[in-house]
Amino acid sequence: MSHTPSAEPALSHLDDAGQIRMVDVSSKLPTQRSATAQCRVRMSAQAYRLLTAQENSKGEVLNTARVAGVLAAKRCAELIPLCHSLPLSFAGIEFFPEDEHHAITVRATCRTDYKTGVEMEAMTACSVAALTIYDMCKAADKGIVIEDVRLKHKSGGKSGEWHSD
Amino acid sequence: MSHTPSAEPALSHLDDAGQIRMVDVSSKLPTQRSATAQCRVRMSAQAYRLLTAQENSKGEVLNTARVAGVLAAKRCAELIPLCHSLPLSFAGIEFFPEDEHHAITVRATCRTDYKTGVEMEAMTACSVAALTIYDMCKAADKGIVIEDVRLKHKSGGKSGEWHSD
Amino acid sequence: MSHTPSAEPALSHLDDAGQIRMVDVSSKLPTQRSATAQCRVRMSAQAYRLLTAQENSKGEVLNTARVAGVLAAKRCAELIPLCHSLPLSFAGIEFFPEDEHHAITVRATCRTDYKTGVEMEAMTACSVAALTIYDMCKAADKGIVIEDVRLKHKSGGKSGEWHSD
Amino acid sequence: MSHTPSAEPALSHLDDAGQIRMVDVSSKLPTQRSATAQCRVRMSAQAYRLLTAQENSKGEVLNTARVAGVLAAKRCAELIPLCHSLPLSFAGIEFFPEDEHHAITVRATCRTDYKTGVEMEAMTACSVAALTIYDMCKAADKGIVIEDVRLKHKSGGKSGEWHSD
Amino acid sequence: MSHTPSAEPALSHLDDAGQIRMVDVSSKLPTQRSATAQCRVRMSAQAYRLLTAQENSKGEVLNTARVAGVLAAKRCAELIPLCHSLPLSFAGIEFFPEDEHHAITVRATCRTDYKTGVEMEAMTACSVAALTIYDMCKAADKGIVIEDVRLKHKSGGKSGEWHSD
Amino acid sequence: MSHTPSAEPALSHLDDAGQIRMVDVSSKLPTQRSATAQCRVRMSAQAYRLLTAQENSKGEVLNTARVAGVLAAKRCAELIPLCHSLPLSFAGIEFFPEDEHHAITVRATCRTDYKTGVEMEAMTACSVAALTIYDMCKAADKGIVIEDVRLKHKSGGKSGEWHSD
């Protein structure tokens, strides 16, 4: 089977010599963009009970993770080498506890009015919020797992609307 | 079943009032510590083919993710609010491609000779390396999933050796 | 006295569930904005004499504080969790020595052409410049006090012009 | 009146030519050090009522300020030019509401086992926590004042124990 | 010879009192801007042979330097006190090996659509990429020299096109 | 000509597979280490005259570069991917004007009591101080050149004393 190069999507951060560089967005126009990423922090029954047992403590742990996630969204371009620095219009983190699975679903949403998407900002915010939950609960359970970090939704830009299955 | 409070592990970052603070390690002694964390980046056949098709490109993408992971290990305490800043003796990232699953396993190892463990440094390095792979391959597949970020092994410190199941 | 919730200003960083998030500025338009913050660093006669005795030294200490203040203005969004990252058009720090009170008044002005105000940038720049003076003079006086960090003036945006009393 | 140079304390960050440099601590030995700094955030009755009215909101705002303060303690050497980077053993922030004055007292404590003191870490943590409270309450009162940022106590090192009056 | 002050270009970061401040760009309009900077890393024959001997290693070292350069471009305003933070549209690093001189020419190009030039971003990216090559080769040659860091070209803005001789 | 691998120094940041990683210093002992790096900033007669004409301005520009250099020394490990984070005991920057060549020699010295050398800290501090001079004088001369960034001296550690020729 043959295919022409143009039929195959390329890795956008590689130039013709196969070397990395930021994608040039000089000629793109700003548009309203949004992205939502999600993951799930699954832990032992004991750790989950400690995390959720007292209203006060629960708030402190999850709020700390929320702050960490928002700060990480703003610093995404320092962490992910080829991300563009961009001014976020919004960053927010939501938590959805699932008592039956001893799990917390973490959802991060970012928005910008800029030339590139905010998928990486949302993915990074989500991951750092989850890592912060791990950190604060690891004394009770070192085996906590962060599952299925993934993009749920994006909108804006040339590729338009996208939803995960 | 009853149990006394002392029999229950506490969330170490909460004080008696249920408020967060760094764990005080003033009286702990430095010991050699190591931690290994692991996750798996699973993508479409097409994205995986692009990532691995040319030796040159593959090297650039994975090396970029490796650099991002090492840098993130060193900046862990800036991202995870209650982590102690500590001098890492070592940070390294390994990649294990799995052709049959279109997946890359990411493994991060950190070491220190200090008073606290380096679990969070390894977990953060692993996550940021995986996010960088996501970033560089997302033009080919927005649905890439980062699976099962978890601690595999730690050694050193009061709690000694620990292996995930 | 009764009042309806809508008559009461809300804490803008809390959502309806009382949880923090960045204020969404997606639909706001950029305007020219400016903010000036001020504080006062009061020290012992001896520390003040050392700080101001030699023209050369005085310049080095205050210039160092000025550099620290400008740098802090640019990094405000890394420090204050719910601040938006924004491109500053201007950041400047002025010092007003008061010989009779052994005090230095620190004034910081920031400007942007963006969707949110720069009050926090000015407040942070002012505080970090003052902290730097403290740091450089603390060998002579550990009891130095940073007094009355406050916003003096802001302009631009929906709420328009504001002056402290 | 004449005095010998040795009788006068010098500004420790200036060399003989009156130029700044970090103090050389090569020959100092690590000791246990601690520092506590304090300030007071005074606001309008209305802003104070909003901050403290609902237990949930109050926790979120103050916990966010606490996280910001702890993170700032760890990044002090990035902000204050001549501070030494050092590994903190502990950083904690406490809040003391004063209903009658519509004020929150912010107290920051830092500890290290290192060659230099942690006064600047405590002063910076305290300031950034207070600035974060300002940020989150400024929609209700732009005239909030951060009063009397000062060192309360330090211990360890050559100069030993010190208390503010 | 006399000349009027207005005939002499001033140092733009000094105000009338000779004190530093960011240049105020409030009233400037965004334009497409580009800058290219260049330097040369010259090393011993042995170090150059190690750097270039194996295709694999060569790629890892130079790609690591490339990543470091791109990241530094994005963080330029944190390092250079009076630089404006700005959103880069592009940052790329190229390497040109010169076998006969055991040297690598490093070229960095940055672009923005903003109110100020990106000369410092390109100069900083170029320097940090070169420093990273030094770091990775210094075990073989501590005497490596980074030569002639300079601006090659800029375009956009009031001063328009500029080329080095 | 043949040579055995062991006779050839290796690039220390590459493992056996030719992939980058931090050098593992777990088993090294801390020793007193020092490094001095140097470069030269050469500019037009006019730019040099502006830089040095007024004592006041000269102090501000060079002190700003000094502050930038010291701050960069402390953040070296964030910029140079495989550098170890380490606590600096000292960082200082000296400037040596050369009127006849319209040049400023920049010399940076760093010290630590740690397991790895501080060559990169000194090289980075020197480069960033020079870049800051470039930034502040570029309005008068875009063609300023940073020449011969190099290590002058190092001491401490296994390889002991080293001087450039």
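Just so it is clear, A, B, C, D, E and F label the chains in written order, and each chain counts residues from 1 on its own.
Here is the rule we go by: contacts are C-beta pairs under 8 Å (C-beta built on N, C-alpha and C of every residue); 3 or more make two chains touch, one makes a residue touch a chain.
Each chain and its UniProt protein: A, B, C, D, E, F = Cyclic pyranopterin monophosphate synthase.
Remember, it's a predicted structure, so these values are computed and weren't measured experimentally.
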Least hop count linking chain B to chain D through chains in contact: 1
Fewest hops from chain A to chain F - one hop per pair of touching chains: 2
Same-site or different-site touching of chain E by its copy chain F, using the half cut: same
Taking each chain's C-alpha mean as its centre, the one farthest from chain B: C
Mean-CA-position distance for chain F and chain C (Å): 33
Approximate Å spacing (C-alpha centroids) for the pair chain B, chain C: 37
Shared interface positions of chain C, touching two or more other chains: 19-20, 56, 60, 63-64, 67-68, 71, 75, 81-82, 85, 87
Those chain pairs that satisfy the touch definition: A-B, A-C, A-D, A-E, B-D, B-E, B-F, C-D, C-E, C-F, D-F, E-F
Footprint of chain D on chain B - complex, ascending: 15, 19-26, 77-78, 81-82, 84-87, 114-115
In the complex, chain B residues that touch chain E: 56, 59-60, 63-64, 67-68, 71
Residue ranges of chain A in contact with chain C within the complex: 32, 63, 66-67, 70-71, 74-75, 85, 87-93, 111, 113
Residues of chain F touching chain E in the complex: 8-14, 18-20, 39, 46, 50-51, 54, 56-57, 60-61, 64, 67-68, 71-72, 75, 79-83, 119-120, 123-124, 127-128, 130-132, 134-140, 142-151, 154, 162, 164-165
